Structures are given as structure tokens and as C-alpha cells.
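Which chain is which? They are A, B and C, in the order written, and residues in each are numbered from 1.
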Amino acid sequence: MALAQISRRNFMQQSALWAAAFAGGGMAGMATAQAAREKELNILCWEGYNSAQVLDPFRSSRGATVKAESLTNDPTMINRLRAGETNIWDLINVNNPWARKIMLPEKLIKPLDRAKFEPFFNSMMPEFKAPYKWAMDDSGEQLIGIAQRFGPYSFVVNTDKVSRATAEDQGWNLWNDPANAGKYGILESDDWNVFCLCCIAGFDPFKVHNDEEVAKFTETAKRVFKGAKLVGDIATMNQALVAGEIDFHLTGGTYSASPARADGHPEIRGITPKSGPLAGGKGGIAWIEITSVVNNPQVSPLAEDFLAYVQAPDVAHTVAFAEGTYNPVTQMGNPECFKLFSKEQLDAIQWDSLAEEMARSAEYDIVPDYDKLLDIMTAAKREASGG
Amino acid sequence: MSPGFRNALPVMLFLLAGFAAPLIAVTWFSFMPPRTFAFTGTPTLENYETIFQSTSYISFLWSLALAALTVVLLALIAYPVAYGLVRVFGKWSMLATLLFTIPLFVSENIRLYGWVLFLIKNGVMLGTLKTYFGIQAESILFTLPAIVLGMVYVYLPFMLFPMTLGISMVPQDTRDAATDLGASRWQVFREVELPLSLPGIMIGCLLTFVLAVGAIAEAKVLGGQQIIPITHDIEIAFTYSQNWPLGAALSVLLMLVVGALVVLVLRRFDLDVLLGRR
Amino acid sequence: MLQKHANLMTDSQPILSLKSVRKMFGPHAAVDTINIDITEGEFFTIVGPSGSGKTTLIRMLAGMDQPTSGDILLRGTRINDLPANKRPTCMVFQSLALFPHRTVGQNIEFPLKIRGEDPAKRKVRALQLMTLLRLPESYYGKNVMKCSGGERQRVALARALAYDPQILFFDEPLSAIDYKLRKTLEKELKDIHRETNKTFIYITHSLEEAMVMSDRIGVMRDGKLVQVGTPHEIYTAPRSRFVSEFVGDVNVIPVTRAGNGRLRMNDSGRELVPPGKAPEFASGHLVVRPEYLRFLKQTSDADNALEGRLYNEYALGSRIQYQVRVGENVFVVEKLRQQPFSGKLDDKVIIGWDANDGILVSE
């Protein structure tokens, strides 16, 4: 019988052979990454910088091989460097606090030539004028990265269901109203979810939390996940908002809402609460990406070249509207760059309220007891399973 | 060193490197201190303690339950289909089964997002019902039935293929002989076709069970993470939590649980005995 | 010939009658207008080369196929549309079609189980049948696939007998068995036939096998029954060259009747004395079996004589076969081993036969 020809052992051998072949192939790929660094650049980044629109002109003008890997989580990228990948990557693009607070002290990145790069900050929007806090080390002496994309990131509503004014006024308490259970989704972005849960619980996420706060966090996490209609990625959230499966979702802003807005759904809108428990009574949280040069023993000379390249008005505009999500860029402070944005594009990134939203937002920071809160949240999510 | 051993050596090394090494690495890693990234730490049972003190069992149970439910539904759905294929296409039935594998060329996520568009409120199904028939139905998207639907859909080919093979391997003569000896159609099925196609059913069930225990996308995409299977927990440990040793320990436990179940089933139903070979 | 069955001689109603049975596959008639009556208790064998339609015929008899036209009557009742599981007949398949997932006992008991018989009774009957077929009792719980080829044959037969059929069909069950075992099983089968007194209808492509076991033989060719008779009749009085050649090596001489009542060989024009009864024969073949050909000292020692050269000899167990070349033709002569021919190769020899040992066939 035919079945007898595919014995179990045979099958295992075949599988193992393929697995070994793949493993071998992977190792071969790593080996080639060591050689010829002059014409080679490896970027570890959030999505956008890895798009062909951004990279192809650079590749062809420099005749370089550029590899960009996008991840959607800062700690993952940093742990890649910690695990020894500093000899692979040349540039790393993460949110604001990591370069200054973690990567430089851990020698994962190296400072930039201040004289060469500081002038770029002067053509940026006023808030980013040199010396810009997140681009500098603690002492304020060293320039450690360049700012480009940024945006407020709290939550998103369908304004047909909940008006912008109501959402801004109610703020995080939307999630404290039992009537809203089953009406909302949660955009999966675990560190941001932790921040948001802290805000709903009524305290600042970016500090060490006492037992009472941890207990409050635990209760809030359970309740919020239990009441969520769904948890998912950006596309799922936007789809569910547009289809009417949900009325609003936790964690989000221009970054996540812009694809839906650009697709003809201006009712999908990122909201920054008017007030909240963040430092100074601020209502929302904003992120600013900092791109730094990795402390690679054989760093590519193209790394700094690329940092300068993305400052050009047209490239900055491309970065703002690279595939996936659309975001404001600091270079919009330069009229040469700003004029490249169409009305529709400005509308997609909520330019009308960008300044006030940024003013009402605290800047993304590191949660000192993040691991503990994340574990609590993961358990809460799991325990809400099937509920 | 015998020539046989010498000849087998390259393959054995290959096996070791490609198959055993990653398993050993994961196992070793599960004994490293939590939230570390090197193989050089002092081995500890801390990760396992954490798991046993946590609510991870919920995820384990969900994964096993979802996989078991999927297997049962698939067996009920795929057997008649396979039976029909063999009856209609005869010796070409395996080729016909290949048609069912064509969707495998499209990424699973894309297919699942297709289902989202189909099931979502005002989507293909509910939208059509509303527009043309005025029926306003609740969406099942982001619920348990949607997850099960997705899993049944995704793993159908893996059940269908061995089942069709199993049924097509039942010799026509044994059917004829049973009929000739007085058996009714139902008796032929119960006494001959079903037991003789059992190896195909068993292989299909084992294959889909092992695959379905590893399912993650269905619960994420169609279930809106309303259910967190153990694979998702492992993913969270390796990504957001950046707790690789914990993820490794969860992986090891999952392998142990699934491995034990498979061994148990294979003990109970020896394929060779089923095939009448021993 | 022993006459074992009294009813063979009576003209009672046949157990199975075929009336103009035809089976068409498209425009092709696989079974072409077959008429035959099978007597109760008979061992009837249908013999024919592969593709002659014998398997199609037996499948219709067993109920696994329906005839395109014509009738199949069981004790006078038309059973054309009666499905296989409703017919009081049973078949032993070429593949044996044993149930590989069952033990010897379970295989034998299968028809009893289907009939809903009590397990204890089933076992008693199975053990009876095992004894009849010389299967050790210890085999009852043995997996059937662990049995040897011969044992499997017996299990298959026991299973069919357990059904207690009025007619047993056999579809070449011995064709895949080696020669020695086949010879044993042929005889065993005949013994079982005697023990059970059932009607056996057997198909095979080997006339030799048919000869050993059968009461009557039907020879099939291209869907038609070309001759039906006892083994003796088939052997001694074949009605066609096809039938005569089916028995084994024969000497076939194309001949035409000459004006003087003699036969003229078509190639050499030589005249031969015809067998005594050669009524209105015009042209065809003269068949002479090798054992009827003799080596002669002189041409006058037999009615018909031919001169040739001894070409080769072959030892066939109890007999020795000689090839003699006469002109372009090759003749085969057989002698018993105890009485070998003493000639040398390439010797000039005379071979001949008595007129009445020849058989005239028109086809």
C-alpha cells in the first residue's frame, strides 16, 4: 500500500534535511553580511523606512545594498542589539527615550558628529530646535540621533458615534464607563497598552508604581480586556471602526488612524484627551522617533550618509507618506518640505489639530516597572479569554 | 566504524544540526534566568515555576480544546468529502484532492483577512443579507465560532489528503466481497470501509491536531484575540515581553504535552496493526 | 470417469440457467449471447484466455454486474436485478479479498455476523469449517495477513462456505500460487466439492487446472462459449483449433478435402487418410496430439506417415517431447520416459499416426 512508502522515519529525515538546509542557508547569509561594508547598509526600524520609495533612490544613487528590517516594538529591536546584533546593524530607529536612557549608556549606539548634524535641527519645527532633549545624551554634550517622524498616540474614535468634543472631554474615562463594554477594541501594542491602562487607572505610567497602583492596574487591565470586543492590529481596528463593529479603540493616533483617513474615512480620528493623569495634567502621550548610528565595530560609512539623506525635503515628505501609515515629520517646519504636502495629506495626518494635540501630550517614556505591569496585562488578557 | 555508519554520518550530522540542535537550544534556554538573552546563565527552574503559578493553563486548555474541536469537526466534514471524491474520481481522487491545496499557495493571513471581510458587520455576508433580504444578523466575527470556522477552513486540506488516500486504499475487492457475503451498504461501510480507511483518518487527525495546536493566526485575526491560545502566549513572551527563557519554557511544555498526547494515541492505535501488517 | 453425482444424469431443473446473456461495453460485447444450464452439484469450469469475458460473466452471475440483455435464472427465477448481497451465491475472489484488519475467525464468521447470528454459534461454525479445510484451531485468533498463501486460500473458501451459498463462484483464486501448491489446492478443492455437494462455478485461464477439477468445462473465446463438454470430450473431441490448442501442444495441419475422400495437406499437397467419421468436412485443420504420433520404421507402419529430421528433444517429467522438422513445418512427438526414442539429432526419421487418432476441426 502506498502509505507504507512514506514511513514515519522517512518523513522525519526529509523534514530534518530541509530544516538543516534552511538553517545552513541562514548562516551563509549572515556570513556575507560581514564583508564589504562600504556599499552596504543595514537598518533596523519601524515600518516606513524599509519601504522601496524611501530606499530605492538611496540604493541607486549610492550603488549600495540596503537591507531594512521593520519591527513594531521598541524593546524587541533593542534586545536584538543586546543579543549581539550590533555587528549587523548600522542604524536603529526607535522611540525617543531609548537612545538617551538605554542604548547610549549600554554602548549600543554611538554619538554623531554634532557639527555636521546639528544644523538639520534648525530647519525643523520649532519644538525640535537644537539642542533637542531626546537627541542629546544626559550631559547635553553629545548628539546621539536625529528626529523625524512623530505623533500623538492615545486613542481613536469614530466621530460618527462619539464626537471629538465628547471624546476629548471624557478622555480615558471612556473606558471607565461600564456602558461602553463591548463597544471598543484594543490595538495590540503591548507597551502602549500598558501606558493607556495606567491612564485609565488614573495614574502616570512613567514612574515607579506603589502596590495600590499595581492593584488598580490589575483590576483595570482585567476589566478593559474583558470589555473589549476585539484585540488586533491597525488594519483590523480601522476595518472594525469603519464597519461599525466598534465605536472606538484604545491605543492609537495619527499613526494608526491615518490609513483609514487617507482612504476616505475622515470620521476615524485620533483623539488626545484634554486632561489626564500624566505629568503636568497632560491628557495624552506622543512619540518621537530618534534614529541613531549603531555601535557597530565595522559600521558602514553609509549610515551617516543615510541620516543626512532623509533630511532632504522631498525624502522627508516620502518618509511621511511611505507605505503603511502616514505621519507628521519634523522637517515640516521647513517651508520647502511643507509645500510638498497636499491638503488631503495634511488632513490624513490631522494637521488641523496636530499642534494642540502635541501640546496636550506627554512624551513617550520608559516605564520603570514595565515588566511587572506587562506580565499583569498579559495575564489579564489571557484570563479574559473566551469571555 | 561500519561503512553503514560512515555513510549515514553526514545525514546524521545534518539531522543533528537541523532538527535536534534547535530543540536542544530551546530546551536549554528554558532553564536560563528570566529576561536574559544568553545561553551562559546559571540554569534555573524559575521559568517553569512562573508558568505553574500563572494562569497559563487557560491558554494551554484553549489550544488543546480548539485543536480537538477542529479535529472532530474536520473528521466529520472531510470524511464524506473524501469518500465522495474517491467514489467520483476513483484513482484520480488524489489529484482532485490537490485542488483543495491550491489555497495553501496564498498566505494564511490573507485568507483569514478575506474571512474578516466576509464576516464583518456590513461585510460581504451580513451586508448582502441586509441589502437584499432586509435581514439584520449579528456578526460572529471576533467570537469563538469565527475562530473554529477559520481553523476548520485552514486545516481542511491537511485532513482531506490523508483521508482520501486512506479511503482510496481500501481495495474494491473487499467491498465487493463484503457485499457478496450479504452485507448491506451500511454494513460494508461499517465493517470494511471505515476500519480499512482508519489509518488515513488517524494520520489526518494527528496531523491536523498537531498543526492546530500550533495555530495562532485564527484566534488573532478572526477571534480578535478574544481567546489567547498558548502559541500567542509564547509569541508575547518572545516579542513584547522580551522574556525569551519564559517563551522557551512555554514552548518546551507545549512540545511535551503534544508529544505525550501523540504517543498516547499512537500506542492506543498502532498504525501497522490497523493496516493489518503485523 | 467416475459418476459421483446421480443428479447429473437426471434431467431435473438446472440450478442456474443463462438465456442469451449479453454484456455490452460500448459497442463491444464482452459477453456475447451465452446460453448454458448448470446442474445442481456440478463443478463447472469456464476456461478462456484473458480478455475472453469470463470475469465479466462470473461477475454477472454473482450479481456484481448486470447483463445488458438476456436472463439469468436461479432455479427458474429471474435474478438479473437481484443485488449480490441478496443472492444465495458467493464468490472466492482472485485477490481472495480477505479483510486484512480481521482475524482468521472474524473473516470466516463475517457472513454469519452480517446475518446477526449469535457469537457462540458463529464460533462453532467457524471452527467446523476450519477443520473441514484443515486449518489448525489455533489459527482462529490469528491475523489473517500473517497466514501463508495456501492458508489464506482456505480462509477465503471457509468464509464463502460460511455464507452457505447454493452456488460458489471462483474467480481464478489459484492463479497467483506457485505450481506445486496449486496442484495440491486443486485436489483439495475437488475434495471440498465432494464434501459439501455444492455447485461450484470456477473460472480459469488454465485448461489443465479445469481438467483436474471439473465435471464440465465451457471454453470461452471473445465473449462466446465455443464448446461445452466433459474434460474428456474437450480433450478428445475439440470442435475447433482454438479449443484443441488450449489443451496443450498439438500438431495442427491445414488440410482440404480432396475429391477421392482423402485429405490434402495445404502446403505440400500430400494426401492423408482422414479419421473414420469425417462427414461433410470441406477444409480446416487436422489435429494430431503429440502422444498419438509415433516414430516408424517404414512409412507403411501407420495410416499416415511423414518423413523429416529429428531436430531437438525436451524432457517433460514423465514424458519426453521430440521436435521433428518436416519441410517447413515442425511436428511434436511425445513418448513416455520409459520408452524413449533412440535416434540422434539430425537423423532422418519417419513419423506417423493412425487415421482415427486425428481430429478434424473446421475452424
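Following the convention adopted for this analysis, a contact is a pair of C-beta atoms (placed from the backbone, for glycine too) under 8 Å apart; a residue touches a chain by one contact, two chains touch by 3 or more.
Only a predicted model underlies this, so the values are computations on that prediction, with no experimental measurement involved.
**Q** Quick one: label the inter-chain contact graph as line, ring, star, complete or other.
**A** Line.
**Q** Using the touch rule stated at the top, which two chains are linked by the largest number of C-beta contacts?
**A** Counting C-beta pairs in contact for each chain pair, the top pair is A-B.
**Q** Once you find the CA centre of chain A and the CA centre of chain C, what distance in Å lies between them?
**A** Computed value for the inter-centroid distance: 87 Å.
**Q** What whole-number Å value describes the gap between the mean CA coordinates of chain B and chain C?
**A** Roughly 56 Å, centre to centre.
**Q** Determine the centre-to-centre distance between chain A and chain B, using the mean Cα coordinates as centres, and give it in whole Å.
**A** For chain A versus chain B, the centre distance works out to 34 Å.
**Q** Two or more other chains in contact with one residue: find those residues in chain B.
**A** Within chain B, residues 275, 277 contact more than one other chain.
**Q** Among the residues of chain C, which are close enough to touch at least two other chains?
**A** none
**Q** So in the complex, which bits of chain B are touching chain A?
**A** So the residues of chain B touching chain A come out as 11, 14-15, 17-19, 21-22, 35, 37-38, 54-56, 58-59, 62, 113, 116-117, 120-123, 139, 141-142, 144, 165-166, 169, 199-200, 203, 220-221, 223-228, 233, 236, 239-243, 275, 277.
**Q** Note which residues of chain B are touching chain C in the complex, please.
**A** 171, 173-174, 176-184, 187, 191-192, 195-196, 198, 274-278
**Q** What residues of chain A sit close enough to touch chain B in their complex?
**A** For chain A paired with chain B, touching residues are 1-4, 12-13, 15-24, 73, 75-76, 79, 82-83, 185-186, 188, 190-191, 228-232, 235-236, 239-240, 243-245, 371, 374-375, 378-379, 381-387.
**Q** Note which residues of chain C are touching chain B in the complex, please.
**A** Residue list for chain C touching chain B: 62-64, 83-85, 89-91, 93, 95, 97-101, 110-111, 113-115, 143-145, 159-160, 163.
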